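Okay, got some structures for you below.
One chain, subunit A, appears in both complexes that follow, with subunit B as partner in the first and subunit C in the second.
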Partner chain A sequence: MLQIKNVSQSFGDNVVLDDVSIVITKGEIIGLVAPNGTGKTTLLNIIMNFLSPDSGEVTYNEKLDYSTKKKEIQMRRHLSFLPEIDDLYGELTGMEHLNYYARLWNQSTKEVQPIVDRLNMAHYVKNPVKTYSLGMRQRLCFALLLAADTDVMLMDEVMNGLDPDNVDLLTSELIKLKEQGKIILIASHLLNNLDLYADRVLFLKDGQVALETHNSEQKKELYLKVLIPEKEYELLKTENQLPEGARYIASALLCLPLTGMNSTEVGKWTSFFYSKGYTETTIGKIGSSEWYNELYTND
Partner chain B sequence: MKAYLNFEGKLFLKNAKNKLMFLVFFVFLLLIVFFIYIRDVGNIEHTVYREMNNNRIAVSTLSAGTYEDPEQSEFFDKLYSQQQLVAGQDVALRFENDEWLTEASLELADLQIELHKYEQLDELDDDLQEIVPSMHQAQTNRAFYSYIEEEALPIMENRESAAGFLMTFYDSFGIAAFLFLLLFSGSIISADFEHQTMVKGYPLTYERKTASKIAIYTVASFLSIVVLTAAFTGGLALLTETGHFNYPMVLYQSGSYDAVSLSAYAIRYFLYLFVLSLHVISLATFLNTLTRNMYATLFAGLFLYALPFFIQIESAVWQWLPVQFYNVYHVLSGESAYLTGQSDLSYLYGIGNLLIWGIGFIACIYMYQSIVSQKNQSRSKTAAIENT
Partner chain C sequence: MQAQFTLEWLLFTRNIKNRILFILFLLAVLYYGLIIAPQYRPLYSFTDEEGLTERIEEQQTVIDQYGTDRPRTTESARMIIQFSENQLEALEQDDWQSYFEATINANREIRIARYGNAVDPRFFDIDEPYPEQEEAFWTRHMRYRYTSYWADDFEGVTPAVVEERTVLQTLHRLLQDNLPFILLIVLVLFSVDSLTRNKGHATLFNSTPIAFGKVLWIKTAVCLSGFFLTLLAGFFVLALTLGPRYGMGSLSIPVLSFSFDLRGSTYESLSLGLWLGQALVLLLLSSLILIRGILLFSVLIKQELFNLVIGISVLFTESLYYSRGIGYFSDIGLLPPTFFSIGSVLSGYHNFLYNSRDLHFLNGVLSLGAAWLIIEVLILITIQFKRLRKV
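So, the complex of A and B:
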């Protein structure tokens, strides 16, 4: 279990994290969502102890923290951080990087080749990193975490520069890691993709967790979603009695909860919207991108 | 730890800057060959001929009256004898008589040592003073020719062989060794700043990382120099001739000049170079930790290297500074001791001094890092206490 306890961090007058507490259990993937410069990377840096927080602490399994050098090294044996693609060593090959990470975290280098095969890296991994494209480097960075095979993995924009096929590939790998019981924190802007594997998504705003969505609960909460401009929504609201629990998100999306509605009622509302000319109607959960719009669009 | 050592070793060998350094070193070795073959460096015939001419010109400036002065005549007789002995060396060379040359050279060296006992030497004009080599040079020559006589070795008239190349290498690389080592290690710590998200996350303490880096850089830069030099010397032996590896090299030790064979000198030279490598790498790590910048590290290192060329202070503290020992050849040949008048500036003392200072630099790095880390940890502890 990874615990982030009352962490605060300011840079001058700018409060980036304000008393943030998060508990992450085994086999859980947490998505961190926020616009640029609002604390995602800072939080990951604090978890790795790359940055000492103004207050608060990070513990692993309630025994390890960063209070002594010995404990810090023990912590690091359980944690790994997705390297930035520019931080790779251009003169070395991908294979050299992978073998190094495996050895450094006391894993068997025999596991490296299967990782290479799974991530379709075999055709380039023996070339120097300086010859790699952005996507190739990104896959290598992800593969390094698989080679280190630590209990906790932190990833900042892991899908950056990947084509859709590779996004799917890494998504399936993340789901496998979750099944193996890994604790994974991912800061990402690919919100629809995040919904595919994240158990919880934390939205940071004004230094705090402004919203936390749970994927398991969301799956049960389906909505009839329709795009309606704000002025027309106001009119619609006065003319019609909207069902209880209806939400109007990001000044654009009306969401009517399907809980308690029968198929006739769903059909009635769909026909109603269609007759009014609102043809973009879908059924589904409220996704991270919709919550993102709700929280940050008007900022 | 082993994984980190392997990785750093690979990085050292594949690093673009280091590859350039290997190339520069190779060009440096080629330049030595150029100077031997094209500019006749170390050609004994040319050297003796030049000395003979200088002697002839300088002695011809003396007036007849000088010899008639009873107080001066003894000294000037010896100056005249010097001219004759140099001429004798030239004749011996022409007749290719090594025994004669050795005898003349030994006699000349003894005479030159004796000349330094006369006060009149300091009163000579520049041209005449120049023909009398320094006490250091005279003693070096005496040790050199004594060894040749004892071992009955043939005279190496030029350095156009592997052994001759190695002799010239010792002279020239001794001056440049510090600079090469500094260039190898100028970014030893700051290079990691370009790979922060990898390096910072390693499950290794700063102390272990730094110790590994110093070990790898010391061994790798030293071995690079040794292997390249050995390969180049070997190649030259195949292309030209091997030469005499039992030829003498003069080593200055605790006030005396002793000649040892070229191969025995190589062991001492490379041992000193290894200790210097450890010292320079530790110094560069220390400077790089403080400045966090490669150029600032190189500048500070160059400043320290150049210091003895500009300043010589007669004090015990100055004598203890390692900057005096950065020029390998000057220390081993005794030139540093002669120029500074400090007989302690010698081989064994240099090894000890460089080692102690090197360990001192490592201790300073650890102390500095410990202060930084304690600050960070006390912040974490305070935060933890506040939370409970």
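So, the complex of A and C:
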């Protein structure tokens, strides 16, 4: 279990994290979402102890923390961090990087070749990194985490620069890692992709977790979603009694909860919207991108 | 540990600067071995049978020319002929003791005949304000060296050994000259970017489960390995170029170390193997001081250029306090930079320059060891501050 306890961090007058507490259990993938410069990377840096927080602490399994040098090294045996693509050594090959990570954490390079094969890296992994494209580097960075095979994995924009096929490939790998019981924290802007594997998505705002969505709960909570301009929504609200729990997100999306509605009522609302000319009606959960719009669009 | 060493070693060997340095060093050794070393003229050359016969004929001509007009000249010529004939006879009988005894006498007579009470002009130089002392030092050195060949029962005497041209003796000569500084400059250049090259790789470098102190030791080990491998390659090239011509030499060849004792100055004999072993220890200690010092500054200042300037400056710090004969008045010569002149210290030439009897191997180990310890304490203190150790 990874615990982030009451972490605060400021840079001058800018409060980036304000008393943030998060608990992540085994086999959980947590998505971290926020606009640029609002504390995602800072939080990851604090978890890795690249940065000491102004207050608060990070513990692993309630025994390990960063209070002593010895404990820090023990912590690092359980944590790995997705390297930035520019931090790879251009003069070394991908294979040399992978062997380094595998040996450093596991004293064995046995798993390196299967990782290379799974991520379709065989055709380039023996060339120097300086010859790689952005996507190749990104895949290598992800492969490094697989080679380290730590209990906790931290990733900042892991899907950057990847084509759709490779996004799918890494997504399936992330789901496998979750099944293996890994604790994964991912900061990402690919919100629809995040919804495919994240158990929870934390939205950071004003230094705090402004919203935490749970994927498992969302599965139960389906909505009838329709795009309606704000002025028309105000009119609609006065003319009709919206069901309890209805949300109007990001001044654009009206979401009516299906919980408690029967099929006749659903049909009635669908026909009503259609008759008003709102043809973009869908049924589904409220996705991270919609929450993102709700939280940050008007800022 | 092994993974980190492998990574650091790969980075060290793939570094363009290190590769260029390695190649340049080997080319310089090759040039030295093929061009410069064969041109070496020892102060006292080995004279073979042909040379001795020529010398006897020349001196006979002098006797014939001056007869009784110049009794001192003819007497000197007779003496030279006598000693030269002794040398010839000794060479024919392979009696090296007699040869060296006769050579010492012949050299003395030739010197008197040529220069009388004046100083041998070969010791005059633009940068040499003490030619008389220099001549005295090296003439006595030659006498003690020749004596040590038979006194120490050394059996492998050859003309190349007498002229100190064999591979091992060439190394011995070079170490007494500027070679230690050239080697240590190479080492400084190898290590200036050892830590700072991680600057652009923070997420890789800072997330590893290895203590920062250990990483610094691994970097030290990599720099040392690279450095000594370069030296080994250089020695191999030297052996290839000089070995076939002059032989490898032997580790049991006697070499001298000058020092002062109660009777005044003296030369002590030790085997070349022991001397080179001591040189290796001083080189290792000097290397450790420089690498660890550079790593310390890499943590504090994080600038390669600063590392380079400070590293090279430290090498030549001795010039700030060196003054001929100062050892009689002060112990300042015991400061660590003195012992970077590894060969000169071990051969006692530094004792001669400083007028001191304290500049020897043991004090070198103590002085360099103390400096190393101080640097280690500073590193230990520095890496406690997390803010300072980030790359």
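Everything that follows uses one rule, which is that the second predicted complex is superposed on the first by the 298 of 299 C-alpha atoms of A that agree within 3 Å, B and C clash if a C-alpha of one lies under 4 Å from a C-alpha of the other, contacts with A are read in each partner's own complex, and residues count from 1 in each chain.
Here is the rule we go by: a residue touches a chain if its C-beta (ideal position, glycine included) is under 8 Å from a C-beta of that chain, and two chains touch if they have at least 3 such contacts.
No experiment lies behind these values; they were computed from the predicted model shown.
On the shared subunit subunit A, the superposed partners subunit B and subunit C overlap sterically. Of the two partner chains placed by superposition, subunit B and subunit C are both touched by A:D87. Measured by the number of subunit A residues touched, the leading partner among subunit B and subunit C is B.
With both structures placed on the common chain, the touch criterion links A:T68 to subunit B but leaves subunit C unconnected. In the superposed pair of complexes, A:R76 makes contact with subunit B and with subunit C alike. After overlaying the two complexes on the shared chain, residue contacts for A:F50 are found with subunit B and with subunit C alike. When both complexes are overlaid on chain A, the residue A:K110 reaches neither subunit B nor subunit C. Once chain A of one complex is fitted onto chain A of the other, the partner contacts of A:N6 are limited to subunit B, with no touch recorded for subunit C. Put simply, subunit A uses residues 48, 50, 52, 69, 73, 76-77, 79-84, 86-89, 91-92, 96, 100, 103-105 to touch subunit B in one complex and subunit C in the other. Put simply, subunit B touches subunit A in their complex at residues 2-4, 6-7, 10-11, 14-16, 194-198, 200-205, 373, 376-377, 379-381, 383-384, 386-387. Taken in their complex, subunit A has these residues touching subunit B: 5-6, 48, 50, 52-57, 65-69, 72-73, 76-77, 79-84, 86-89, 91-92, 96, 100, 103-105. Contact residues on subunit C toward subunit A in their complex (touch as defined above): 2-4, 6-7, 10-11, 14-15, 200-211, 386, 390.
Across the complex, subunit A meets subunit C through its residues 48, 50, 52, 69, 73-74, 76-77, 79-84, 86-89, 91-92, 96, 99-100, 103-105, 107.
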